[in-house]
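For clarity, chains are labelled A, B, C and D in written order, and residue numbers in each chain start from 1.
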Amino acid sequence: MRHAHMRPVVDLIVCPMNNPSDVSFIEKAFQEQDIDPLNVVAVIGKSEGSGLPNDYGRLLADLKVRELLAQLRDTTPQAISDEVTIAISGGSPGTVAPHATLLVQRWEEIDVSQEGEGTGGIVLGRSSTRDILPEHIGRVEQVDATSEAVKLALDEAGVSDISDVHMVLVKGPALTYDAVTKAESNGMDLVTKDPGIGPMGSMCFSNDAMAIGVGVALGEIDRAMVSNASIRRDWNLYSNVALTSSGGEKRKGEVLVVANRRDSGSQFRAGHGVTSDFGESDGIKQALKSAGLDFDCCPSEEQKGQIAQVFAKFTLPPSSATKAGRVTVLEDHEAHHVAKAVGGAIVTSVTGLKMAFISGGEANSHMGPPGGNPVCAIVKI
Amino acid sequence: MRHAHMRPVVDLIVCPMNNPSDVSFIEKAFQEQDIDPLNVVAVIGKSEGSGLPNDYGRLLADLKVRELLAQLRDTTPQAISDEVTIAISGGSPGTVAPHATLLVQRWEEIDVSQEGEGTGGIVLGRSSTRDILPEHIGRVEQVDATSEAVKLALDEAGVSDISDVHMVLVKGPALTYDAVTKAESNGMDLVTKDPGIGPMGSMCFSNDAMAIGVGVALGEIDRAMVSNASIRRDWNLYSNVALTSSGGEKRKGEVLVVANRRDSGSQFRAGHGVTSDFGESDGIKQALKSAGLDFDCCPSEEQKGQIAQVFAKFTLPPSSATKAGRVTVLEDHEAHHVAKAVGGAIVTSVTGLKMAFISGGEANSHMGPPGGNPVCAIVKI
Amino acid sequence: MRHAHMRPVVDLIVCPMNNPSDVSFIEKAFQEQDIDPLNVVAVIGKSEGSGLPNDYGRLLADLKVRELLAQLRDTTPQAISDEVTIAISGGSPGTVAPHATLLVQRWEEIDVSQEGEGTGGIVLGRSSTRDILPEHIGRVEQVDATSEAVKLALDEAGVSDISDVHMVLVKGPALTYDAVTKAESNGMDLVTKDPGIGPMGSMCFSNDAMAIGVGVALGEIDRAMVSNASIRRDWNLYSNVALTSSGGEKRKGEVLVVANRRDSGSQFRAGHGVTSDFGESDGIKQALKSAGLDFDCCPSEEQKGQIAQVFAKFTLPPSSATKAGRVTVLEDHEAHHVAKAVGGAIVTSVTGLKMAFISGGEANSHMGPPGGNPVCAIVKI
Amino acid sequence: MRHAHMRPVVDLIVCPMNNPSDVSFIEKAFQEQDIDPLNVVAVIGKSEGSGLPNDYGRLLADLKVRELLAQLRDTTPQAISDEVTIAISGGSPGTVAPHATLLVQRWEEIDVSQEGEGTGGIVLGRSSTRDILPEHIGRVEQVDATSEAVKLALDEAGVSDISDVHMVLVKGPALTYDAVTKAESNGMDLVTKDPGIGPMGSMCFSNDAMAIGVGVALGEIDRAMVSNASIRRDWNLYSNVALTSSGGEKRKGEVLVVANRRDSGSQFRAGHGVTSDFGESDGIKQALKSAGLDFDCCPSEEQKGQIAQVFAKFTLPPSSATKAGRVTVLEDHEAHHVAKAVGGAIVTSVTGLKMAFISGGEANSHMGPPGGNPVCAIVKI
């Protein structure tokens, strides 16, 4: 959406959380930085715990953030769902520190002379899909619903050139044991009977249908190539900017687009890269360079100081054979946890960030090419 | 030990293992590379599994390596214990690939004219402590026994200048539940009642007494500063080259020294560095530079090809507060596993190695300064 | 406390919870059963999750129960701490179903003629210790503070005969990593540096100091026999009715006494038993018999219908040798979880209950004799 | 197979194992009990560890048992595979103690007058399927191959009346990640892409195809009702005596039948029961009664002394709703471990046995009715 004589100004504030119920740093950010709570577009965070379905740190953090926003915006926690994208990812292993990133967007009036000019920084777009039925999870219906919602969010962000898009984050629904039991008694056919995050898990099917939806919306994937049979099978279909996740508590897909826009007034600029293998750091460096940092091998200490945030997904490799040896992570009971630890360690070692958003642990995905994953970096201009 | 008119030639061969009972690549190495089995000094490896006390992958790998060596050397598996240092570390999370590194040393005759000349590559030294009693684990008796054994190994390696020493690996004993139960009924006082790897675990006490022993032998630690009270308390006492580990199945400490020696005929050179924080990569780069690679920020692809092996320990940080945020790894039930995943990911991202030796997961240690750890790198000259 | 012309009437309502934030069944109980919220004495429950320190299901359930009670009693969640004992134990493995047991006590006026007469059912007593300092955890100071608080609670319950006491539940403080780090930098001496639940864990030390405090208050343990050296060492000191637990978030010990009283008007009667070995069911049957069920081998289906609740602790055996074989649970990384699963399975198989309160998983304790544990049963008269 | 003038005499010896490589008790049993190693039909055991695919305790125990038998029978470990059924199940949580049960059968000559007479004790039958291809796992091809092999084993055992059969144990193949990767690149269609034990895991599909195969062979299941679509979907098809398990290292199904036979000379008699719900003990009592113990509610201490062994499977319930509450085990990351702990605790509490064979942890199965499982008991006559 383009507002005449106005331009978007986006702020990004990374707030630590000392436990999943601790929103004191978020509260302080509102007070000290004079943020209008009505301008909050998204809260994207990490909570501590196992990161598994029965880890309730995620739910607790989500609840506390929601209650705080409701209070500040003078509305109900329920109403927040339709107004702000809240995506808390559970599990902060290794170097990953629990936190919440506030994404705030205001529109400032500009002179006619300034029209179309700006920092080239980021703009945000938000949208939601309709409710996704259990029998549509992991199937073309979810692909199409996501694709439509992404187009709306792109439109809201006023993005015309797809190459300006550096992250499309979608949080959507997954199956639950209850849904599976119900479908079994109804004779309804679901894409899988495993609600979890294993190779046949509904979270993988949902994440991947949404990732393909992102790819279709951005023109990275030809819709004609997509059928139910290609989801989680034809790994040549992928998006380089999709970062999708899912949970049994969600009904619809919530979309957040992060793009650069010439007339943005934001002091932050986005970029993205794609890792090429499990445990490889070049994709992270690409993302930093794409966001505007100019370095040869590693960012300097000064450049590290400019890195505001990294959003990345680290999924498991498609097979146990890697270029440099047979990894055993596919048979590892803690693979969901270890994948995030691996990603976090590499991001930390390259950027110095500990409060980066590191999600992942699912089996191979349509987010990035086989074995690789998208990484989005945000730097201060 | 210096042999007149002879010089040591050390080879290092990294062999993948497709499961803990797979010694086929080791067998092939002997056949194809014309290695005399009697020259094997040490086998240092990683096995897959949880890496916990009741992970028997470690025992299985140890058994199979021992049986193979016994067969090749025409002796019994039992006899191997006194002749070869076998140290298998359990747990290969994330990018870490199961493998065994053979360290082989032969003595070649040289001309008088060559005396004292060589590649400046590595030399190995081996020794053992006497049996360490349960009540001496984690106490000064273990410190002193280790220190004496390290001196013997240094002597065997013919090392005169301590700055040439880049790794002192020691594998020693830990308490078992049986030992604790027995001590309790005897009224014997042990350093702890926890056999495990937590902050009061006997594995930490044993590793740390041995690390201090290494530091004393090398002059890094003043023996007069060491009492029972300082072990796992006075963190200013530490060694920069000690890499110690322990297990309930061991009775004595087995020592392996890796040093450079001017007249070595080896094509491999060692170096070491020390990490300064959990999730930091500079210590790894220091080790590579110390071993002779000359680079500014990152090793080039060609230089990566020269890296033969990295031996590193990644322990947990001393507190949850790090420079860049509150990490939650101290409260993580899988911290033992995650610490290795973090270390492995950083080593892989810097070096490209997947079959590196990454051990760790204990609480803060006397191996390196608080929060940091020694890293040893071996490069082809 | 005895109220002239009044007698206590205790109700016990077991409410399922469909997830840790679900207090809908508790809310319904208040509505449908006409309970005065001001009469709630305690809420004792189980939440799902790993049951480990970083499982936040416990905190979430506690928060939601607290908020509901505050709303119903027209006060603040903070104020509830001083008025109601809330003890949520994390981890509902195997047959154990998440739930909350409401314990409600009202005082009804009686005729002079009825004075001293009643059902012989239960009465409740509540009290708290002062704040326990970190350096007093697991030591005689905590023993004495607990003992005094238990005496207050006994007094409040109006119990004169100790043999009428069937459970003294105490929820108290444990160390945290922050407390340990702080003590280390202050040179303060703590009982342990391990905050956790292993054999040297602060949760075990705290639970055991409190259990001994209960035993002293009830005359089961001679105070003269108790010193710092005997805590977690002299296993002959134990209580047969103590059920203690601890958490880093608590500052003081909250005490709940459940006893029978001749003039009680309650329709519920308590009893207790003590298990003699890990995986043994006789202690549970003893508790049921002690509460008034008369059976030979197993309760009948009708008698099972009378069983209102079971509160039990299942700790780990003191050694791996049991009468019938070497169990491996001491080396089991999931022992905390498995111990509850074992206890829950036995309680379920004997009683048919799934929403029983099954806590445990720590190493051997002063709650019950070595290898055994107290069990409290409540039956409908 | 019936041998004229001969009758089978079966012995059953339960040997503890102090770790997965400890076969000393088995060795001692051969020495002290004068067992001819050539008469060993099966070794069925439990090893300690996580019980997950990358728990190598199982492989180590299997290897050591195999090597011992090879040595005693003067053959190679490889040859043992075709001669003896070795089934080691990993994971000994809670009360379950690691052990191996030797099943030994000799044929003794008898008089014509004794023909057809005996103790009515047990007889054993063994057989194997052909190799099962990856694409046939979990499908009718595996059902039929198993069914044929079971008929051979019944024939070998000389069983004519199906009601005499109390256990058909089958150990068969499962998919591996390598097999899945290979199939994906070949375009081959497998029943699942998940090698594991979750609701879509290949171990469940394999176990269930084999269980249906057992049911077909015994006439419990009508072959006409079985199609690929009914496997893991039509839960009305089940066997009451099948106890199947699988592993990626197996190629064919190895079958062991345990039945009673009128003319057996064995001092052991078998029986079976079926549990009706997760955490229920009646099925175990039924099995004991079926094997000949006569009791009302619980076996007496003397009768407990007669119980030689229990073989049982404890799978997860079909949904989280049970008669007595919502269990959370389906969402439990450690469900595989906890299910065995639950089963072991109930078996121990009823029988006093700690070295019982308790397998399980998979999702709902065709072994027994929904939520229930077969239990086989062996008692001394």
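Everything below uses one rule, namely that a residue touches a chain if its C-beta (ideal position, glycine included) is under 8 Å from a C-beta of that chain, and two chains touch if they have at least 3 such contacts.
In this text, all values refer to a predicted model and were calculated from it rather than measured experimentally.
Chain centre most remote from that of chain A: D (centre = mean of CA atoms). Between B-D and A-D, more C-beta contact pairs join the chains of A-D. Centroids built from CA atoms put chain B at 40 Å from chain A. Averaging Cα coordinates per chain places chain B and chain D 43 Å apart.
The mean-CA centres of chain A and chain D are about 47 angstrom from one another, to the nearest whole unit.
Under the contact definition stated at the top, the residues of chain B that touch 2 or more other chains are 48, 50, 54, 328, 331-333. Contact residues on chain C toward chain D in their complex (touch as defined above): 16, 18, 48, 50, 92-99, 278-281, 296-298, 322-329, 331-334, 337-339, 341-346, 348-350, 352-355. Interface residues of chain D, counted against chain B in their complex, comprise 19-21, 47-50, 54-57, 59-60, 63. Only residues 50, 52-54, 177-178, 180-181, 184, 192-196, 198-201, 232-233, 318-321, 328, 330-333 of chain D touch chain A when the two sit together in their complex.
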